[in-house]
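Which chain is which? They are A, B and C, in the order written, and residues in each are numbered from 1.
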Amino acid sequence: MTADASADMTDPLADVAWEPGVAKPDPILVADNITRQFGGLKAVDVDHLEIQRGVITALIGPNGAGKTTFFNLMSNFDSPDTGTQTFNGKDLTNTPAHKVANLGMVRTFQLTKALSKMTVMDNMKLGAVGQKGESFWRALLPFTWRSQEKGIETRAAALLERFKMAHMTDEFAGTLSGGQRKLLEMARALMVEPELVMLDEPMAGVNPALTQSLLEHVTQLKDEGMTVLFVEHDMDMVQEISDWVVVMAEGRIIAEGPPATIGENQAVVDAYLGAHHDAPLEWEDETDGDDVTSAAPADGSSEESS
Amino acid sequence: MDWGSILENTLRGFVGEQAIYFALAAIGLNIHFGYTGLLNFGQAVFMAAGAYGLALTVVYAEQSFWLGIFVGLFVFPVIMALILGVPTLRLRADYLAIVTIAAAEIVRLFLRSPKWDSVTGSSDGLGQYADTFYEFSPFEPRTRYGFGPLNFLGNQLWVVIIGWIVVAIVLVIVATLVRSPWGRVLKAIREDEDAARSLGKNAYFYKMQALILGGVIGAAGGLMRAIGTQSAQPDNFITDVTFLAWVALILGGAARVFGPVIGAMILWGVLSFTDTFLRQAVDQDIIPTSIMEGTQVGQVRFMLIGFSLALLAAFRPQGIFGNRDEMALDDR
Amino acid sequence: MPGRTSLLRRLFASFALFFIVAGEPIGLLAAQDDSTTVSGRFRSRGTADDGGDELFEGVSVVVTDASGAEVATAVSNADGEWVAVLPGAGDYVVTLDESTLPEGVAVREGTDPATPITANVGRDNPVIIPLGERVASDSGSIKMVQLFVDGLKLGLIIGMTAIGLSLIFGTTGLVNFAHGEMVTFGAMVAFLFNVTGIFGFKLTLILAAIVSTLLCGVAGGLFNQLIWKRLRDRGSSLISMLVVSIGLSILFRYVLLYFFGGRGRPYRNYQIQKVIDFGPFSLPPKDVVIVVVSLTILVTVGLLLQKTRIGKAMRAVSDNRDLAESSGIDVEGVVRYVWIAGGALAGLGGVLFGLTEDIGWEMGFRLLLLMFAGVTLGGLGTAYGALFGSLIVGVLIQMSTLVVPSDMKNVGALLALVVILLVRPQGLLGKSERVG
C-alpha cells in the first residue's frame, strides 16, 4: 500500500482549489443544484459537488448536516426536490435505485441492513450481479445457473476470508455482532464489484479491534481502482485514510480540501462549534501542528497497517 | 358418542378435500408472506379467481373445460395480482394488507351483485362445469372406496387423488424456486427491501412475481375446490377463508416448504374433530340446547379458529414445529 | 352468510331520509296441476305510524312469458301480498307497475321493475322486487347536496371509530383488526340496555349510549392491559401482533354472533321518524342527532388533543415514539389512555352506526374496511388524518351512487384510495418515512 500511495506521486487533486463546489480533473459523480426539503427544514442544499475518481473522499459534518440524506439522494433512494446527479457522465435523475447499483454505484446504510434470517454466505451471494438464476424461469432449471453459482461462491468465500469472516460463513447474519454486520455489509457491497462505493459511517459503533481492519479494507478498495466516498465522524480516521474531505453543515457544502487543511477552515470550525457549544474541536490540536499532519496522511495509514 | 364416526371424520379432514384446497391456498400465502414478506389478506380473491375463471369460461363463455383450467389458473389470478400489486407493492407492507382485504370483499360483492346475474349467477353462483374432470375418473361415482375407517365416494376419491398430486407438483416447484437465486432475492426482500435494492435487485418486480406466483397457487386451490364441489359461489370466498389459510400457514410454520401443507392437514383434522364431536354432543343432549344449538356449532368452530390464530401468533409465531432461528412471524 | 349483502346494501342505503322498503316473498301452497304460481309482498319495514310495517295494497304486477306475451296479472291485497297463477314452468318476467305504488315509493334505485324469474312446477315461486324511496325528480344539484350531507354523516361515524384505530397504530404500531368488534360491542351493549333490558330496566337510548361508551372505554383499557401490553413487553413483532388481532377479531365476532344471534335488530323508538326539511336536503331527527353528537365529540377530541397535556403527549408519541420516550413522556401511560379513549369512541360510534341501520354481529367488521380506507387515506397514525380521510371516504361512498349502482358504492371509495396512494404513498396528511 505504502508503495502504491507514494508511487502515485502525481496526486490528481494536487492542483484543485480548496473551495466548496470546485471542479475536479476526473469526476465520477457530479451533483448539481440538489435540494431536499422536509417540511420547513432544508435537509440538503448542494449547489455543486464533484467526486474525484479513484480516490477516497470523506464526507463530514455535524449530526443532522444532511449527509445520509445526500447519500439517499445520490443513490436514488430518495428523490430530490430539485437538481440532478450524473454518474460516469450518465444522468441518474429518473433511474430507479436498483439500476443505480447495477450501473456500478453501491451504497451501504448508516443503520446496517444485515439480512438476519439468511446465512452470511447467502448475504454475500445476494450481492453478485448478473446471476442468471435470479430470473424466475431459469430458477426452475437449476442446471442453467449451478456453475455460475459456484463461481460466485468462490468469490464470496475469498472476500469473507479477506474480511476475516470465513468462520461465520454458515451462521445466520442475525447472530453477528454490530461490527461484524458492518463488515458483512461492506463485503456484500463489494460483491457487486462497483466502481463507486458509498459507505455511510462504516466505522460507527465498531469494536476498536475491528476498526483497524475496516480501515485497511477501505484503503484496499482504492488500491483496487475503486472510488470510495464515506461518511465519518471520527476525525482521526478521516485524516488517516482520506485523500479529500468535503464538509457539510445544515445541508450545504461549506468546505472542501485535503484532510490536513480542512480543520483550519473558519467555516468548518464555526459549523462544528455552532453544533457543540461546549466541546472543543477534536482536531484543534492537530490544526496547530498543521505541518506535521499535512506531511503524509498516507504514511500514517501505512505505519499502522504494517 | 359414536367415536367411530368421529375418528372417520377426523381422518377425512386430515387428508380430505378441504385440507387440499387450503394447503394450496396456504402454499400461495407462504410464497407471499413466508418468503417475500407480503401481507396478503385477500388470498380468497385469488381462490375466487381460480374458481370463477373455470366456471365463467365453461358456463358463460361455453368453452372447453381445459381452456377453463387455463383461464382459472393463469389468466384471472395474474390479472388480479397485477390489479392488486401495481398500486400497492411500492408502498409499506400494511397498505397491501388493507388493500387486499378490501379488494377481496369488493370482488365478492361484485360477484354477488344481481346486476350481472346473467353472467355470474350472482349469489347462487355457477355450477356443473367440471363433468369433463369426472369423466376421467377410474372410480365408480357412487361406490365407496376405503381402507379402514377412511373412505371416500368414487368422485371424491378422484378429487382427493388429483388434489394431492397437484399439491406434490406445486411443492416440487416451490422447493426448487426457493432454493434458487430467485428465491434468495425474495428472502432478501422479505428481510430488508432497501438492502436488496441497494444491491441492484428490482424489489418491485420480484414482489410482483411473488404476488403472481402465490396468487396462481392460491387459484389452484380455488380451482380444485370449484371442481370438487362443481359449484362456484361468491360466499365460498369470504374473508374468513383467507384467515383460515393464514391459520394453516402459521400452524405449519411460514417459510418452510412443507409447513403450509402440514398446517392445513392439522387444521382440518382438528376442525372436523371438534365439529363432529360438538354436533354429537349437542344431538345427544350432552351439551344442553340452552347452551348450544346445532346451528351454533359452526360459530364455535370459528371461535376456535380465531382463538388458535391469536394464541399461535402470540406464543408460537414460528409455527408448531418451527425453529426460532429461521423465519418466524415474529421477525417481521 | 346470506345476511351480509342485504345488510351491506342496507348500510349504504340507510342514510338520511330513507325508510327501508322491501318487497318480500311469501310462502303459498303451490297449485296441484301443471300450473304454478309466482308471489310476493310489498311492504315497508317499520315505517307505519304505530311502528309496524307499512303494507301496500293495490299495487299491480304483470307477468309476461319469454315471448313477451302477457300471461297473468295480479294486484296486492290489504296485507301487501300478491299471487299470480302461471300456465306452467318456464322463464317469465314479472313487471311492477310503478304508477300503482304509493306516493314516494318506487322500485329501489339500481333495480329494474321488470324482474326475470324461472318458475318451477310444484312449488310457489317467490319474487323479490326491492322497493325504496322514490328519488324525487329534484334537480341534480339538490340530490348532490343530499348525498353530500349523507356522506358527511357516514364519514363522521367512520371518523369517530377510526381515530382510535389510527392513534393505536401511531402509538404502538399495531394495525388492530379487532377494532371493528369494539364498534359492534358498543352497539350491542347499548342494545342490551335499551331493548333487552337489565333486570327489567330499560334505559333510554341516550343513557344506554353513555353506559355503552363507558364500558367500551373500560374494555379498551382492559384489552391493552391484559393482552397488548403483555405482548409488547414480550417483544412480539408488529406482524405477529397484527395476526393476533385478526384472531381476536374472528373470536369476538363469533362470540357476539353466538350471544346476539344472526338477525339484525334496531334500537327501541328510533326506527320511524318523520324527516325534517332543511331546504336543499332533509334528515330525520335521529340523523340530526348523529351529526350533532359526532361533531361535538370530534371537536372536543380535537381540542383535547390540541390543548391538554395528555392530548399533546398522545400526538407526540404518535409522531415519534422514541423521541417522546427520551423526552420523558410516560409512553405506556399514554398508550393506556389511547386505548381507553379509542375504545370509548369506537363504542359510541357503534351506537350511532346502529342508529342508521340494524344492529348486527358483522356491522363493525364491515365498518372496519371503511375505517381502514379512511385512515390510510389520511395517513396512517395521525388523528386528524384519520378524521379527514374518513370524511372523504364517507362522502365518496355516498356521492359515487350518482354514477355507480348503490351496491357497488364502496368500490368507488377503494379506487379513490388506490389513486391517492399512488400519488401520495404516505397518505394525505402523513409524513414520508426515512431510509438509511
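Everything below uses one rule, namely that contacts are C-beta pairs under 8 Å (C-beta built on N, C-alpha and C of every residue); 3 or more make two chains touch, one makes a residue touch a chain.
Model, not experiment: these values are computed from the prediction.
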| item | value |
| --- | --- |
| Central chain of the complex, centres being mean CA coordinates | B |
| Pair of chains whose C-beta contact count is the highest in the structure | B-C |
| Distance between the centres, which are taken as Cα means, of chain C and chain A, whole angstrom | 55 |
| Cα-centroid distance, chain B relative to chain C, in whole angstrom | 29 |
| Chain centre separation (chain A, chain B; CA means) in Å | 47 |
| Junction residues of chain C, two or more chains touched | 435-436 |
| Residue numbers of chain B (touch at least two other chains) | 194, 331 |
| Per-residue overlap in chain A, given as positions that touch at least 2 other chains | 77, 107, 109 |
| Contact set on chain B toward chain C in their complex | 39, 41, 87-88, 90-92, 94-95, 97-99, 101-103, 105-106, 109-110, 112-115, 123, 194, 235, 238-240, 243, 246, 250, 296, 299-300, 302-303, 305-314, 317, 329-332 |
| Chain B to chain A touching residues, read off their complex | 173, 176-177, 180-185, 187-188, 190-192, 194-203, 209, 213, 255, 325-327, 331 |
| Chain C residues touching chain B - in the complex, by the definition given at the top | 1-2, 4-5, 8, 110-111, 175, 231, 234, 236-255, 257-258, 365, 369, 372-373, 376, 380, 405, 407-408, 410-411, 414, 417-419, 421-422, 425, 433, 435-436 |
| Touching residues (chain side chain A, partner chain B) in the complex | 75, 77, 96-99, 101-102, 106-109, 113, 115-118, 122, 125-127, 129, 131-136, 138-140, 142, 145, 149, 172, 188-189, 191-192 |
